[in-house]
Amino acid sequence: MHKNRLSKVMTMAEAIDRFVADGATVALGTSLEPLIPFAAGHELIRQRRQDLELVGPISDSLFDELIGAGCVRRITAAWVGNVSEGLGHCYRRAAEQGIPRSIEIHDHTNFSISMALWAAAWNVPFLPARTLLGSDILRTNPNVREVDGLVHISAVRPDVTILHVQRCDAQGRAHAWGPLGISEEAGLAAERVIISCEELVDPAVTLSDPNRILLPETKVVAVVHEPGGAHPSPVQGFWKRDHALDNAYAAESRTREGYEAWLKRWVLDVPDRKTYMTMVEVDSILITGNRPSEPVNFADE
Amino acid sequence: MHKNRLSKVMTMAEAIDRFVADGATVALGTSLEPLIPFAAGHELIRQRRQDLELVGPISDSLFDELIGAGCVRRITAAWVGNVSEGLGHCYRRAAEQGIPRSIEIHDHTNFSISMALWAAAWNVPFLPARTLLGSDILRTNPNVREVDGLVHISAVRPDVTILHVQRCDAQGRAHAWGPLGISEEAGLAAERVIISCEELVDPAVTLSDPNRILLPETKVVAVVHEPGGAHPSPVQGFWKRDHALDNAYAAESRTREGYEAWLKRWVLDVPDRKTYMTMVEVDSILITGNRPSEPVNFADE
Amino acid sequence: MSDAYTSQELMIAVAAREIRDRELVFVGMRLPIVAYAVARNTHAPNARGLFEVGLMRDHAASSYLGTMGDPPNVAGALWATRMSNVMALMAQGGVDLGFIGGAEVDRYGNLNTSYVGPPERPRVKLPGSGGGADIAILSRRWVTLMTHERRRLVERVSFITSPGHGDGSPDWRRRHGLLGGGPAAIITTLCVFRFPSGGGEAYVDTVHPGSTLAEVREMTGWDVSVGADVGETPPPTAAELREIRQRSTVGSQ
Amino acid sequence: MSDAYTSQELMIAVAAREIRDRELVFVGMRLPIVAYAVARNTHAPNARGLFEVGLMRDHAASSYLGTMGDPPNVAGALWATRMSNVMALMAQGGVDLGFIGGAEVDRYGNLNTSYVGPPERPRVKLPGSGGGADIAILSRRWVTLMTHERRRLVERVSFITSPGHGDGSPDWRRRHGLLGGGPAAIITTLCVFRFPSGGGEAYVDTVHPGSTLAEVREMTGWDVSVGADVGETPPPTAAELREIRQRSTVGSQ
């Protein structure tokens, strides 16, 4: 039945090469703390992407890493730092001293960045919301403004949204579970979507539960089978959060030299995610239990 | 762990009596053609609710039945009729001749009624949308207006949304599957939600899959265990659509006398849904197959 | 299989041919559901169907549908979701083709499914827009199917539920902010009307076998324009008829 | 179990007491996660926690959380959903209490988590709002926890990320359209500040055991107001300490 559909499976290197251009607006880390597509972020760094606009709510240290690597022109996000420590050291250096380059910052809140993406999803120039009133973010972000006691939040339309999910088939039907943050609106708003997944599964699995399919396959241009692709962030049913590694990043990135050493060790000298995962102490973070969802019956007769 | 939670389980008669007042704004049939809460609608008729405002997209013949019974003051919907035939005969009589009473009509489209409910869910007075431009609905519905090339759709806030779902627990955690129409926004926008369900299940079932829980339990005030409560509309995994019965309604409701006979037989003389279901030829519409969703793993360690 | 065919079968075949391969089609109810199945199983194997109830499919349902939300349309779907997500795709221009039903259509392709006569006291209260106006405004192009009667094909609809080309003036849609391209065809029991690119007035493109232009003129409520090269509508092929007849037709009402 | 406790443990206990039974609490990260667990397992067995990542819970996670989206916080949740649904509840006034962290707070309870110094070239770039501003504007009341230092408790924050009572003028929030009630307390390592109903300036309500008002004055960047009836903060109870110590504390960073 699906024989006419071309597979969208490719390597992360190919997906980033083909679908993320210099200057692109890229949404990442849209589930907040879990399911952050770190593997994709590292590949963006390895391919030396320039002038990106990063869009997201809170994506632990991923945005900080990309800023440190000099890939970023603009941040359109609610929060950039690392969850272990708070402050993002690369973010600080860029914003305070222009190291390695200066960046433009469009501050959002979690709610407002969600509304900005829903606006793009529904193809309207703005959505009104009850947040941001009384906040100085109204003074510094040119894309939010107070009108008649509401705040109009301008649409943010990613060129590409990159999502890490638990399982996906070759045609791009992605199943994600656990809290979803702003992943749905980030995917719908985007021109195109890249999926990385823990498991590449048969369409019989994904189509057994069309309610769990996160996005229309028509948005998905690439499917990357990338186990551990969200490390050190957690993946329900697969990986706990690697607190130790996140703490180490927070500590090492305090100095520019420390960050550069970290970058060399964990990104630049690592050819791909498979190699990266051999460097991770997986025993302590692997989820081995089973806590299955109760099936539902989609029968029609 | 849940011993402190009071059960919300009650009969449909009690749920309607306690939570739907005369004059209330009630959202029904929010999944469009499937999962229409006909049992709740029939109980509204039996309890002689007056002056209701009905909110929905397309709810097959349910709105037509309620209009014929004289329960309705205003229609805020995209479509009222019956799917078998198109024209809603009670709706025609009310709008054209004021029989059994005249009604006010706020025309919507499917998209615009969804936006009206999202506006209420996010507690903003309106949401802008790209629909309705060039339509005469802009002339007749006072709650939509063109502003700067967009249409501002005023919030619609139901006092109560009534949903029929496949399974629910006593605390109001509802699992619904299949297409969801505008059920999520109708539930979030409402002051309170009444759930009727095919199966009343243990919380272990619903909490095994928190992604499938349709709405926060804090909105749900009543859970009615009502097998067949959506008949003649379909329920994935439980009931096919009863085309014959829907056709019969379309034919019988052509005249006021026909409608009144139908109403007496199928609603007024029927004490409850259990009795109603004994009058239905269930063999041809019962779904007996199993097409289970593939489980997902929510394990955390 | 008989070579004879009903006018409904012809309409379904014509509607199916409007669907191009790889398109995303906003299907709607009744005849278009069958048209999608025919197209998918003949010339457009990669066409996807989108349903406002909250579904996307890449193949037709395996059995009869009374509504788009019937269980056979859900089983095997590519996506079961909320209506507002489906509408998002359409608002972005992601829907190539939509089908809309109507009680009345006028020479500019405007559809009325709301009121015949004054809205405050209508002569006939029709069911309303459903998703019709949304499709009319937002899909890249759309098609309507209608029984060819003088009371349905009228000079001017009394209420524009789903806008076509408005008053027919050049670029009416763009000037009024409507994102989609508007009506591409009116498929009736007698003929196929099409529209000039950029909008304007419907013209007769082909007349169905067994019908005549005179009959079309007689049964149409406006002074009919005729295309430069009016032809005969190609009858359903054997493959089309086979697909149509495999499904119980849904348009008996 | 020792009767001694750290100032962090006291802050958690005080935060837990802000949670009333049956309330819906927007929890946030670090200390408040533990505070929710303490409240839930002592005086507020029916309090529910809401997390912007897209979760609702009626009991604390069974093991250590580095983030609100860690797997133990998802297992057994009452709802796993989108952030915009969680925000919908809060925009409707459905969230009774929120917790917000901050780098700086001023006498009117305004929080800065964005920029120290001019935004175009800040002396310190802080991480930003996250959901902080949303909670500050929309929850019915909120509380912040902070290390008591002069550089943190400042006369006037250089950037209002999360508005408290603005310039302290009567009804500032209502006049500016902010739906929620604003800050109810600032819990520091030395004391608890509260606010008059209707807004205005923070006053010292209780001083923690072992601290003094003089010390509070010394360590606060504004001329401190003191409540009519300033008392001592009740220390953590044995039950509170037991709950706190059952969980790895999360605030070590």
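Order of writing sets the labels: A, B, C and D. Residues in every chain begin at 1.
Please note the rule applied: contacts are C-beta pairs under 8 Å (C-beta built on N, C-alpha and C of every residue); 3 or more make two chains touch, one makes a residue touch a chain.
Since the structure is predicted, the reported quantities are computational estimates derived from the model, not experimental observations.
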item: Where chain B and chain C overlap in contact partners, by chain label; value: A
item: Distance-maximising chain from chain B - centres being C-alpha averages; value: D
item: Length of the line joining the C-alpha centres of chain B and chain D, rounded to whole Å; value: 40
item: Centroid distance [mean C-alpha coordinates] between chain D and chain C, Å; value: 57
item: Mean-CA-position distance for chain D and chain A (Å); value: 28
item: Where chain D touches two or more other chains, by residue; value: 55, 70-71, 74-75, 77, 80-81, 84, 87, 91, 179
item: Contacts with 2+ other chains: residues of chain B; value: 115, 122-124, 129-130, 150, 177-178, 180, 184, 211, 236-237, 240, 287, 291, 298-301
item: Chain contact graph, described as a line, ring, star, complete graph or other shape; value: other
item: Touching chain combinations (by label order); value: A-B, A-C, A-D, B-C, B-D
item: Parts of chain A lying in touch with chain C, wherever the complex brings them together; value: 1-2, 4-5, 121-124, 173, 184, 188, 207, 210-211, 213, 215-218, 298-301
item: Partner chain B, residues of chain D touching it in the complex; value: 24, 45-46, 48, 55-56, 58-59, 62-63, 70-72, 74-81, 84-85, 87-89, 91-94, 179
item: Contact footprint of chain B on chain A as seen in their complex; value: 115, 122-130, 150, 166-167, 175, 177-178, 180, 204-205, 208-209, 211-212, 236-238, 240, 287-301
item: Residue ranges of chain C touching chain B (in the complex, touch as defined); value: 29, 51-55, 66-71, 74-75, 77, 80-84, 87, 91, 114, 119, 121-134, 136-138, 159-163, 166, 173, 176-179, 253
item: Residues of chain B touching chain C in the complex; value: 31-34, 57-58, 60, 77-81, 83-88, 91-92, 94-96, 105, 107-112, 114-115, 118, 129-137, 140, 149-150, 177-185, 233-234, 236-237, 240-241, 243, 246, 250, 287, 291
